[in-house]
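In what follows, a structure is listed as structure tokens, so that the remarks can point back to it.
To keep things simple, chains are lettered A, B and C as they appear, and every chain counts its residues starting from 1.
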Amino acid sequence: MTAQEIATLLQGEIVGDPNVEIRRVAKIEEASAGDLTFLANPKYEKFVATTKASAILVSTGYDTARPPVGRLVFIKVPDPYVAFLQILKRITPMPDPFPKGIHATALVPASAKLGSAVSLGAHVVLGENVVVGANTKIGHGCVLGDGSSVGENSVIFPNVSVYHGCQIGNRVILHSGVVVGSDGFGFAPRNDGTYEKIPQLGIAVIEDDVEVGANCTIDRATMGQTVLKRGVKLDNMVHIAHNVVVGENTVIAAQTGISGSTKVGKNVVIAGQVGIVGHIEIGDRSVILAQSGIPKSTEPGKTYFGYPAKEHLRALRIEAVIRSLPELAKDVEQLKRSLEELRNLLSKPTP
Amino acid sequence: MTAQEIATLLQGEIVGDPNVEIRRVAKIEEASAGDLTFLANPKYEKFVATTKASAILVSTGYDTARPPVGRLVFIKVPDPYVAFLQILKRITPMPDPFPKGIHATALVPASAKLGSAVSLGAHVVLGENVVVGANTKIGHGCVLGDGSSVGENSVIFPNVSVYHGCQIGNRVILHSGVVVGSDGFGFAPRNDGTYEKIPQLGIAVIEDDVEVGANCTIDRATMGQTVLKRGVKLDNMVHIAHNVVVGENTVIAAQTGISGSTKVGKNVVIAGQVGIVGHIEIGDRSVILAQSGIPKSTEPGKTYFGYPAKEHLRALRIEAVIRSLPELAKDVEQLKRSLEELRNLLSKPTP
Amino acid sequence: MTAQEIATLLQGEIVGDPNVEIRRVAKIEEASAGDLTFLANPKYEKFVATTKASAILVSTGYDTARPPVGRLVFIKVPDPYVAFLQILKRITPMPDPFPKGIHATALVPASAKLGSAVSLGAHVVLGENVVVGANTKIGHGCVLGDGSSVGENSVIFPNVSVYHGCQIGNRVILHSGVVVGSDGFGFAPRNDGTYEKIPQLGIAVIEDDVEVGANCTIDRATMGQTVLKRGVKLDNMVHIAHNVVVGENTVIAAQTGISGSTKVGKNVVIAGQVGIVGHIEIGDRSVILAQSGIPKSTEPGKTYFGYPAKEHLRALRIEAVIRSLPELAKDVEQLKRSLEELRNLLSKPTP
């Protein structure tokens, strides 16, 4: 593609030679001749002067006169990153790491129902009455328990374990090592200090368009359902306890854990290593910053930070004082001394 | 079962129609006609007025006159949740997701010893001299290394990896993705900045009645044993380092990590995302609240919270001050100004 | 071996009977007759008086006259732990849990290239064009995606998943449950609140002499490479996001997570459960203490602690004040009262 063709496709404005040929895409600091790159994060602006890319996507307001431009062609678009993704998908064909068809070593009982063009990898094990929808790909070594189901156009990478009865929707992606439907952590204490296991009789449900990162665990419900609603995205090693419901289009970064029966709203953004206690509600569109500990329900649309978490602006004000606590403590000591001096001064008899 | 039959079984007191038929169990907010439900957590009391259940287990002191009762039958028992579990087990047969017998694709060397009625799933691999006790079920894709053993009536879900020489007791449950006996994290620094691996020659031992959640990792000892003692319960993604010993009936919630050689006592309760340093002792019956960081040994029976952790009541008092630190800082500034004013007043000559 | 032979090998000084026979090695508190043990951590000095070991490695300056020595033979060396490891490797042959050769159930396409003496376990699946170097051992149930490669003398424990195109070096150890090359967590928000997946087209590269603990996840890059450089050691359940680069000989303890595009320097030491934000740089030889949250780049050689992290000594001073905050708050209240009293005193007319 030429720079002009890219600019036309993106309805962008071109600054520089429209005929330069683009063959690949690359990050700004790693690009070489023939590459298209982009500038979205201001941190990377310093690389504009030195990048070896042939063309760069910048935001509409970018001042192309500022840096020493050289032969670099600028293409101005409203959102350089989204525009870059569009071109990336055109130029770079996504590899398909799944073999075609049903591998000879895959175990498919007569009771299983497979849609058209299903791919089952080597050593896949389907339980009784499993349903797999059309065009879905299941990687080597995956196990789908009795009565579980996967919708259409879903992708399950190798070595995933889905327990009996769990339901997975359409266009879902599960990465390797994911466990869906393991028992929730439920035990009733006996008088002698031992624990009785509470049967975990519910299921886990993963709705359409969900992506679950490597080695995540989604427990089945004690009764009823644990649910990841449509469009949820989980990073790696996220723990979803029994009876949790995560609302539509909520994104959760790596190593976060959500305790039992908590309801997370829609369009929530949860950063990494966050912990959320059980039996609370996380309001729609709230934002929870990294490593926060959430001890009670949060309000919609608000941002939280800290351990235990506070509203973000309050947390920042508190943190500012914490950073200068040694000086504050010294001030208090000085005040005590000064006050004592004053008191002594006053206790002297007026001359 | 009728409500009367349930009340008789539980030795409970019935309020309402004793002949109502119960066919299923359900959570209070999800129940429908024919369901038995329960009220244990006061948070859910609001649902008593609206639940569609036919009968509800409540605690002995519950005032059945309070809510608009309608046709809902109350059964009063000392512990509604435990009573509920009893009925649940009667009414709902636990599904058995394990196939009977030894799957044709399971690999069992001549040196392995299998008890009666063992279930081995598809693609299970047993190493040399592995011992599996009677009635134990091992899920599809599990690997048990040379010389490892599992007792009787244990259940290992699919895709679990047990390294060579590790020992697993009776009535143990290991969920999918668990790794038992991986090398401890031990390296000796060399002078050139590289590290020499310290051989991990010990084993990991999981005693009777232990349950280990999905994707947990239990490292083998450098020498000797890493041990989960009888009755320990681990939630998902718990990390147990080399040479750790976890005492009887200790429960550990998700994503907690325990560093090398630490001894955790009996009947300890550790919440989620807790981190415990190595080479310390956690006292019997102590409680460690969520996300705490434990830098030194804890005393028996005490509760800890915070990063770094303090005794709980002390931590609460500290946190109360932290929450009002911006105001405290303002007070100190105001005190400095007021004191300065006073000092100026005093330095004026007496008229 | 006799104690004398050990002392000679280590060039150590012997105190006691040089002819005592050593047959095994053990930890000081678990040793019995015939065992060699060591004393490195002063915490364990109390066991010197009671250990049943026949010989003990101590540091050169150790005062062998202090404890009641009995028949215990002391061998003085500069570094007792490193010396102990040398003897341990001599006395205890490391078990080799990998079977010889290519298992009949391993799937090796014609396009795969295997070096000499490769071990492939049962149900191993190699994709197209996979390369496995000489003497490398790949455990049961591992999956290596199309175009991936492993160098020589590497060890991959059972049930590891390596995605297509990823590269693993020589003398690498991957423990069970590791996932290499899963998609990075990248999504572009659409106007309707849903997310568009950003294709993850790069790879993950694991250089020589790296060890990766059980159930770690190493995401592939969006473009380019995620890299664990030569000599990196990861404990269990470490999360490495897309485009992260971890420098030579950096060690990272369990359950730590590093966000996208962050560059970690060389010879860094990162403790457990640390969280590091994306797009920053961690300076060479810096040390990050447990559970710290790192919000911005760190300087080489410095130690950090806290959430959010501060320089260690500063963090300790802050923590000291935090521990006495309730008293500080009381002091401030008392100051306010005292000042008010003084003010009242001053506002009285001079008699």
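Simple rule for what comes next: a contact is a pair of C-beta atoms (placed from the backbone, for glycine too) under 8 Å apart; a residue touches a chain by one contact, two chains touch by 3 or more.
Note that the structure is predicted; figures quoted are calculated from it, not measured.
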For chain B placed onto chain C, the superposition rotation in degrees, Cα atoms, nearest 5: 120
Same or different residue numbers at the chain A/chain C copy interface, by half rule: different
Centroid spacing, where centroids are CA-atom means, of chain A and chain C in whole angstrom: 25
Multi-partner residues of chain A (at least 2 other chains): 105, 123, 141, 159, 177, 215, 237, 255, 273, 291, 307, 322, 328, 332, 335, 339, 342, 346, 350
Chain B contact footprint on chain C (complex, rising order): 25-27, 30, 41, 43, 81-82, 85, 88-89, 92, 94-95, 97, 105, 121-123, 139-141, 157-159, 173, 175-177, 209, 211, 213-215, 231, 233, 235-237, 248-249, 251, 253-255, 266-267, 272-273, 290-291, 307, 319, 322-323, 325-326, 328-329, 332, 335-336, 339, 342-343, 346, 350
Chain B - residues contacting chain C, complex: 105, 107, 123, 125, 127, 141, 143, 145-146, 159, 161, 163-165, 177, 179, 182-183, 185, 187-188, 193-199, 201, 215, 217, 219, 222-224, 237, 239, 241, 243, 255, 257, 259, 273, 275, 277, 279, 291, 293, 307-308, 310, 314, 317-318, 320-322, 324, 328, 331-332, 335, 338-339, 342, 345-346, 350
